[in-house]
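Dumping the structure here so I can ask a few things about it.
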Amino acid sequence: MIVILKQNSNKEQVENLINLLEQQGVTATGINGTHKNILGLVGDTSSIDIENIMAQDVVETVQRVQEPYKKCNRKFHPDDTIIDVCGKKVGGKQFQVIAGPCSVENEDQIIETAEAVKAAGATMLRGGAFKPRTSPYAFQGLHAEGIELLLKAKAATGLPIVTEIMSLEHLDLFADVDIIQVGARNMQNFELLKHLGKCDKPILLKRGLANTIEEWLMSAEYIMAGGNNNVMLCERGIRTFETKTRNTLDISAVPLLKQLSHLPVVVDPSHATGLTSLVEPLSLASVVCGADALIIEVHNCPSKALSDGAQSLTPKQFSDVMAKLKPQVEFIGKTIG
Amino acid sequence: MIVILKQNSNKEQVENLINLLEQQGVTATGINGTHKNILGLVGDTSSIDIENIMAQDVVETVQRVQEPYKKCNRKFHPDDTIIDVCGKKVGGKQFQVIAGPCSVENEDQIIETAEAVKAAGATMLRGGAFKPRTSPYAFQGLHAEGIELLLKAKAATGLPIVTEIMSLEHLDLFADVDIIQVGARNMQNFELLKHLGKCDKPILLKRGLANTIEEWLMSAEYIMAGGNNNVMLCERGIRTFETKTRNTLDISAVPLLKQLSHLPVVVDPSHATGLTSLVEPLSLASVVCGADALIIEVHNCPSKALSDGAQSLTPKQFSDVMAKLKPQVEFIGKTIG
Amino acid sequence: MIVILKQNSNKEQVENLINLLEQQGVTATGINGTHKNILGLVGDTSSIDIENIMAQDVVETVQRVQEPYKKCNRKFHPDDTIIDVCGKKVGGKQFQVIAGPCSVENEDQIIETAEAVKAAGATMLRGGAFKPRTSPYAFQGLHAEGIELLLKAKAATGLPIVTEIMSLEHLDLFADVDIIQVGARNMQNFELLKHLGKCDKPILLKRGLANTIEEWLMSAEYIMAGGNNNVMLCERGIRTFETKTRNTLDISAVPLLKQLSHLPVVVDPSHATGLTSLVEPLSLASVVCGADALIIEVHNCPSKALSDGAQSLTPKQFSDVMAKLKPQVEFIGKTIG
Amino acid sequence: MIVILKQNSNKEQVENLINLLEQQGVTATGINGTHKNILGLVGDTSSIDIENIMAQDVVETVQRVQEPYKKCNRKFHPDDTIIDVCGKKVGGKQFQVIAGPCSVENEDQIIETAEAVKAAGATMLRGGAFKPRTSPYAFQGLHAEGIELLLKAKAATGLPIVTEIMSLEHLDLFADVDIIQVGARNMQNFELLKHLGKCDKPILLKRGLANTIEEWLMSAEYIMAGGNNNVMLCERGIRTFETKTRNTLDISAVPLLKQLSHLPVVVDPSHATGLTSLVEPLSLASVVCGADALIIEVHNCPSKALSDGAQSLTPKQFSDVMAKLKPQVEFIGKTIG
């Protein structure tokens, strides 16, 4: 950590600052520049409150040189984390394809869709029981009944299930869910993250609409700090000025996360742009960039979907994507499933 | 609402679509263009599921011509909403200044700060008991004890108190709080909004980091749909590419919200940029743009603050801001308090 | 084009507007909604000045339903444009790899680099003679001498050359250049685009830092409107809030451009993030998304580069990228060269 | 400047780097951290090529602690620059209001508008002769004739004139123009900036759509490095995700520029949002934030404007804005004119 001092700082002020820093367990070494003086801090700077240092009169600014995340940092955990979900591996040489509807709507819909995606090669089932909708007047999901229907679809197909939690008070309902999803709008719902850190289920942590990669890793850190290391990071597009796509897929985040962290990386090519015609190319791009899994919206009849119909693939379209995806996954030396 | 059809749509498809639309209670009138055909919908289109229409094969896209929010829409409620907080009015000719520390840290700190901001002319007290922090290793607030200390500061000064809720499970602790704040990271925590819609306390709803004005109004709509009309909208800066300021204050949002909605508008010039030197000019700008209140970070000793010290004003700095603010508020014909 | 009228518009105003529209050669059909009235325009709306219509008192807003670009629009030109550069094809089943340094610095540097990239499999040479630098105190390029050195490198290796133009006054110097690059900062330098429309050289048009895909296609339209159809669109990353990468590669733009336009698409994975470690995955992603070419920064000795050294690959690193790229290009049925 | 070294750097590599740095005229002092080693550079670091240092093998990253701009930096020039335009001062206690149409269209239009804005209190006239239009099919301005008409309007009213240059080749036509405007799209047209640095006319430098404040100041530095110190910085809104406004006015930039630089600051509230109803509040906000001038679009008949009619005020609307603006300017102790 580097502390840049104000130009007019006097000796006494600097000494007071050095004392304050050393009380926090680090050593401060000064360098006198022509226009600026700086202090370099040596020691475990993760214990330093950067805002407190910035609030000192004599300080112009503070620059961090070390990452603020530890448990999810590849530097301290060089080996890939591989998460086991009902015997299927997320991470490593396995590649998972999670598919299913935006919302669970009724038994026929979820079971038909589950069977269709399984037939096409999907390895897990997604479906929303609690739906975050911009409008209070839109369909909000079937709640407890939705989770029951997902469990029926799991019983029928053997596919592990992934579904989103929106509030702590519903946590008990997720006892038999295989992967709990934290949606983009809850990426910094820190109370929720803390509680998920205390359970032992795999967590699929979606990136917030406008959150940096560092903030996202810090949210993973919240979960891991509680003791749950089974975190997957899911890139789903960020908000930019471009309007032709709903969001902008930050594909660079995939290889960058692989360098910065040991956690598995998932891509959601459906929410990333909202355009079904882009799901195939973006899925292929995710594979060659090192993603460990995809999560794709598929509905047995998109024109009757109660949410996100326009970005859902039909079973036929999904099957066409899988026909391209499978050989590409194998070409880079991985296996689906 | 306007439905734009695909170029190659045939007569039967279009008729099926018209039937579907008319079942939803609207009338569809067609216009045949040279390259595109469109349908104009007449009737109460707020009941139409736009995504469902977009998912129909024959549809290229759908454009809304009416706002999706109703209860907070000025068109349907032309008069300003004025919210009474312990006898002080937010909205109308009164102007409120809410001031206080980022976090409540201990009794001396909150009471000293409360007395200082009151002496300088603040009309309400802010202070965080539950703190959303990017890092799990940072100070997270005093929780229940923090709220108790705020109530002591209220008893000592008579200032109404504003504090942030982070999770539904803490709602009981807010029984004596005067205004409940929903932070930027929770603007789309829809479960929380729904519950706040069922209480009768004033809600200060901060704009999300990267949320549009329309999404923000839809979040206000969530609260109002539950029956609670006491919502204030707080602009606190949005995320952009600029790095010299922590966020970019969207000052245009203030007069625009006044046109679109009847709800009071508050500005947070502290979080907007993170720079204390900009609090004064941005406060003045908010006043002349029609804001109804300001919420400003002040700490009795910023260099010892446990959070956000660098963006907190000292009591002396706050007093200087108030000395500029008061005559400007009066110049435009309003009164502080 | 759809014109949405203000709520309180009277019959006479609407008739006047319809007359104005019909004078511009289109037919206007009205639909009376419950809250809004709209006019649908039929005919060639590309001649309509949308801002003029919006400026009419009675008009609330205007929504376009048709793309404003024609010559680069795939709807009117379904077949891919394939551009011949010294016998090499950009577009179709050929895949080109353009490589070379940010700046041409001296004869040894450019010839050594050209030979190295050719040996590794590059098919064209890039190098800057005129350099757009943020700081007036930074190296600005060798100008005319730089182009001469590029021509020597072309003579030595046979590789066609690509270099950037920054000002019309230099156009004569580009007589023997094979592809003229328009940089991101000049994407909307409309005077430059107009003049390039009158020459017959292939143009590599980079996307502006914060320009939408539609604005980018309109800039291509400027060149094509002058008569030059040899335009390639180069995605090079857009500006977002993320700070770990210099820009955010908008990979979705690649397949989307392929749908919207018939022009070839190039990706610059070097400028896209500024991180050499991401060049390989982003190159592979571009291939599978349908790009026709890559443009990659390579320097014979990056640590001595006068510009962009930190994002340039060494010849060895480039050779490693090519070793991964070639089989991937062939796997999707294309050939490099 | 601080150089952060890679973790595994050995002594010899570090010594080589120190030699390289010292050859560039600075002294490098090392600090050995627990996880990272850093070098602090002392001396005139503006001569250091930051990219060259970053390209060294042993270097992880480089952080600047000093601003890269000098001539426009307030640290080195504490007094405000005040620019004289035909006897009117931009900067200091004077406040200028520049008004006029987007484009000069014909003699009647520009003279009528000039007389109307003068009558309402404007102190300078704006009008475009060369128009940057997104579409090649839109009205591009009257060019030389446009400038002649502006000069006629100046002769008729005495108002100094401001008009935009789009290309170096037109520079001769600007001989009698009082302020040359560089548009947002040309803010990084460095060749143009260099030439404008060699003339002695006042330059109104608009901020680019997505350029940081630092990049903007570096563009001012380009002009000043050529010898022309008469640069005004014009904030005109930046590109963000918000869609209700055309751009987002970065009002914080006004007081921040006043701290960072001694140059006068102008605000364009018309382009900032594209909404006429926001011109008045944003003008008032600019005044209280310390702006030195406003540039506002006014057209004698917006519904007949050939460009930007929808964002132009009528003379009556402009007169109403001036009626609010004048007392506010006087309230803060400045005078219009």
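When the chains are written out, they are named A, B, C and D in that same order, and each has its own residue count from 1.
Just so it is clear, contacts are C-beta pairs under 8 Å (C-beta built on N, C-alpha and C of every residue); 3 or more make two chains touch, one makes a residue touch a chain.
Since the model is a prediction, treat every value here as computed from it, not as a measurement.
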Shared touch partners for chain A + chain D come out as B, C
Greatest Cα-centre separation from chain B belongs to chain C
Taking each chain's centre as the mean of its CA atoms, chain C sits from chain D at a distance in Å of 26
Expressed in whole Å, how far the mean CA point of chain A lies from that of chain C is 31
Chain D touches at least 2 other chains through residues 210, 239-241, 243
Chain D contacts chain B in the complex at 210, 212-214, 238, 240-245, 248-256, 259, 272-273, 275, 277-278, 281-282, 284-290, 328, 331
Residue positions on chain A within touch of chain D in the complex are 2, 4, 29, 31-36, 38, 40-44, 63, 65-66, 210, 239-241, 243
Listed in rising order, chain D residues that touch chain C in their complex are 46, 49, 51-52, 54-57, 68, 130, 132-140, 166-169, 185-186, 188-194, 208-211, 215, 218, 221-222, 225, 239, 302-310, 312
